[in-house]
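When the chains are written out, they are named A, B, C and D in that same order, and each has its own residue count from 1.
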Amino acid sequence: MAHDAVGGGEHTGHAGMGHGAMDMAPAGIPLASGAEDRDGLELDVLHARLGPVLAHWPSGLVLRCTLQGDVIVDAEARLIDAGPSAPNPRISSRHLFVARRCDNAAGLLALAGFDDAASHARRVRDAVLKAGGTAHASRQLYRLRRMVRRSWLLRWSLRRVGPLTERDLARWHLPEHLRGDVRDRLLSMLDRAAQGLAQADGQSTHDQPAVLIEAVADLVRGWDLAAARLIVASLDLEALTADREVSRV
Amino acid sequence: MITHVAFWALAVIAVLAGAAVFIVNSMARASYSLAVSFICVGLQVLLLQQNYVGVVTILMMVMEMAIMAVYMVMFMGMNPALMPMSMVHDKRHALAVSIAVFVLLATGVLLEPWPARRGTPPDDVTAALGEELMGPKMLVMAAVGVVMAVTIVAGVVLAAHRGRYDRFGDDLRRRPARDPQPGGVGR
Amino acid sequence: MTLQTVLLVAAALFSVGLYGALSQQVVVMVMMGLELMLNGLILAAAGFWWFLAPDPSGQVLLLVIIVAMTVEMAVGFAVATALHRVRRVDMTDMAADLSR
Amino acid sequence: MSDPSVRVVAPLWVLAAAGLLGLLVLAAAVLDGALSARAAGADVRTGLTRPIGEVARLMRQRRRVTVAADTLLWRVGGAGLLVMAMMIVTVVPLGDWTLFDLDVGVVWFNAMDVLAWAFVWLTGWGANSAYSLVGGYRFLAHGLGYELPLMFALVAPAVAASSLNVGTIAAAQQGLWFVVWMPVAFLVFCMGVLAIAVWGPFSPALGPDVAGGVSVELSGVDRLLFLSGRYALLAAGAAFAVPMFLGGGAGPLLPAWVWVLVKTLALLAVFVWLRRHLPAARPDLFMEVGWVVLLPAVLLQDLLVAGIALGRS
């Protein structure tokens, strides 16, 4: 659907960037130059960077985007300072797993503008991280899941955004739970948090399979900024554990 | 007295803002100075007791100029508006013609023996306008409606990029439609 | 505020608009000039109405002018978009050159 | 020309109206702070005092400067929302008193709410920052979706009262409030108010996904003006809904002006509460809804109202 704009976009990215226009720079900022866009209007091309520090954004991820209007025609992903985070001995990995899911869900909900649910998710996360809050936390999580599932406005706003089919998953080696659109992924995020919470302490939570950062860049191409932010947030990334060598930007 | 002062102040601002449209070198400033000019004229029309028309002028023109600014930014590409460069042709001729027109109009205005006022304004100007439009001048209203509808259709046809065959496929059966960005109703 | 002064202001607005419409090259700027001319017309019509014949039917003329402006804008934007899409030009001269 | 039930007060009362609007703004900000604090599980009292602390902080903050900003337009846009709200309030009768008894008050409201297009976009444009410009365009995209339904929603009460004067419309609701038999128009009107205040579902122009959108580079007094302008627009919109749909000053026991204030506060509280409760309506989705769903719905409502008005006369 949205990816048909991608075909040409992959190559036009940086190559065509403002050669003739470089000498014209009001206030030291070179003028943008135009390029083909998906609507055939030859809009100006803008280069902007998302991350590494941005609210509700996987920290350390940097997306260098080529924008036309607010549509991302090309993107290139990098990681900075990636490395395994030091494990916190006081919190079990299971609780960390659940907290991470809740945190990601809170970010996604905040990006979708659903502030109440986002605050709620943050409270669940805090309850999980505080040792002993498990019964309380699972009650809260249950309520959060019901709230998210029932909001028809949220369904309307997130459906059909960033759909991933079985084939897409295979192509980018993505884990199974990312299938569907952003809303499906949000629900599966919360479901996995609930599963993690229901497990006994001894059971090890299966390791989060890494998401290739090239996949992140590919997935946001052709979408507008708002949808792209939702898509990135819905990928449920672990902090700084994407499967790539460290590179500096 | 206050009316006179207000009228003159508005007149000066309206003309200066109108001239600024072609002087300032920023797209946003150009379109919004035109908006200011329109707002001043709308307020002057209010002073001339035609409340409905005056307020509608402000309403329409602010909206139009908001859109206008978008089009300016979109279509002026390598723009003269950020770079000070002259984008005019026949500047001198245009100036001469417009000054001549102004002199001609002004002489006409000043020399013409305007007739005395006939009739008095109705009590409720707006209601009178409405009754006029829905009564004796119904034809105007009907024509305006049709023209507006035609304009909407013509505008969309002229500006649209993708037709229904692009959206629904050659047999018009593809559901949901193939759009670069899905819409909110899910057609 | 007399009829003469109102009409003088209207004439000034009209002339400034005429200058813009004649001298500007970019389609959107030409439209701005036209709008300014119509702006002058609105003021003139309002002045005529108030000072000469304040009966209801005169106001209809004003409404028609406003409608004309909106239609002009809408069609103008559509034409500018179509021109831009088809020919990649936004200047009146270029559009004329290419049509030949 | 004007309704005898409404008296025009001396121009100096503008100050009182501005003060009242300021109080409503403060009430709305405090309520929002309290709701936010409650949702975050914090002490509600911290939320109550937060708006005041925020005002103090912004008053002292130094202005941020961006490269090649269009300062004039930026400042105009930032302060404009507050002016708009003030202009709307002038035509709202408070019980028997009004500041400006304009015979086309409804169109006046419409003309003022359209100014939001200009001011929000200008604020986004002036800062010369990519994120704020994206925010500005998002607002215009919303505008294309909500403005026409809003216009036609305003038509319904005017048709029912056969007047464009706000006082007359309020007086025409003796017995039955318009909200009862034109609920669609009322809901669409409320949506329009949320939209001009860039509030709740219509806040993608200020969205966290573009780092605050239009307001990203605003700081200090400019930010204060912009934010309080949003609250003021919410309050002014709620105040305007009272004579349009909620019977104006009608109500038992209390004097008319108290009823107007009570109704305004109630509607304002609902607006504020909605912000946290509803997800954002992204402009690309909302535009289609505005044209395909809301516009026909409001037109049907207008048709219905016109039919009833014709039958009653």
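FYI, contacts are C-beta pairs under 8 Å (C-beta built on N, C-alpha and C of every residue); 3 or more make two chains touch, one makes a residue touch a chain.
None of these values were measured; they are calculated from a predicted model.
Of all chains, the one whose mean C-alpha position sits at the greatest distance from that of subunit B is A.
Averaging Cα coordinates per chain and for the whole protein, the chain whose average falls nearest the overall one is D.
Averaging Cα coordinates per chain places subunit A and subunit B 43 Å apart. Centroids of subunit A and subunit C (each the mean of its C-alpha atoms) stand 49 Å apart. In this assembly, the C-alpha centroid of subunit C lies 32 Å from the C-alpha centroid of subunit D. Across the assembly, subunit D contributes 137, 281, 284-285 as residues in contact with two or more other chains. Residue positions of subunit A touching 2 or more other chains: 26, 40-42, 156, 224, 227.
Residue positions of subunit C touching 2 or more other chains: 81, 84-85. By the touch criterion given at the top, residues 1, 3-9, 11-20, 22-29, 31-33, 35-36, 39, 42-43, 46-47, 49-57, 59-60, 62-64, 66-67, 69-71, 73-75, 77-82, 84-85, 90-91, 93 of subunit C touch subunit B in their complex. Residue ranges of subunit A in contact with subunit C, taken from their complex: 40-42. Subunit A meets subunit B in the complex at residues 1-2, 4-5, 21, 24, 26, 31, 33-34, 38-44, 156, 159-161, 222-224, 227.
Residues 3-4, 7, 11, 14-15, 18-19, 21-22, 30-31, 34, 37-38, 41, 44-45, 47-50, 52-54, 56-57, 60-61, 64, 67-68, 71-72, 75-77, 80, 87-91, 93-95, 97-99, 101-102, 105-106, 109-110, 114-115, 117-122, 125, 128-129, 131-133, 136-137, 140, 144, 147-148, 151-152, 154-159, 161 of subunit B touch subunit C in their complex.
The touching residues of subunit C, counted against subunit A in their complex, run 81, 84-85, 88.
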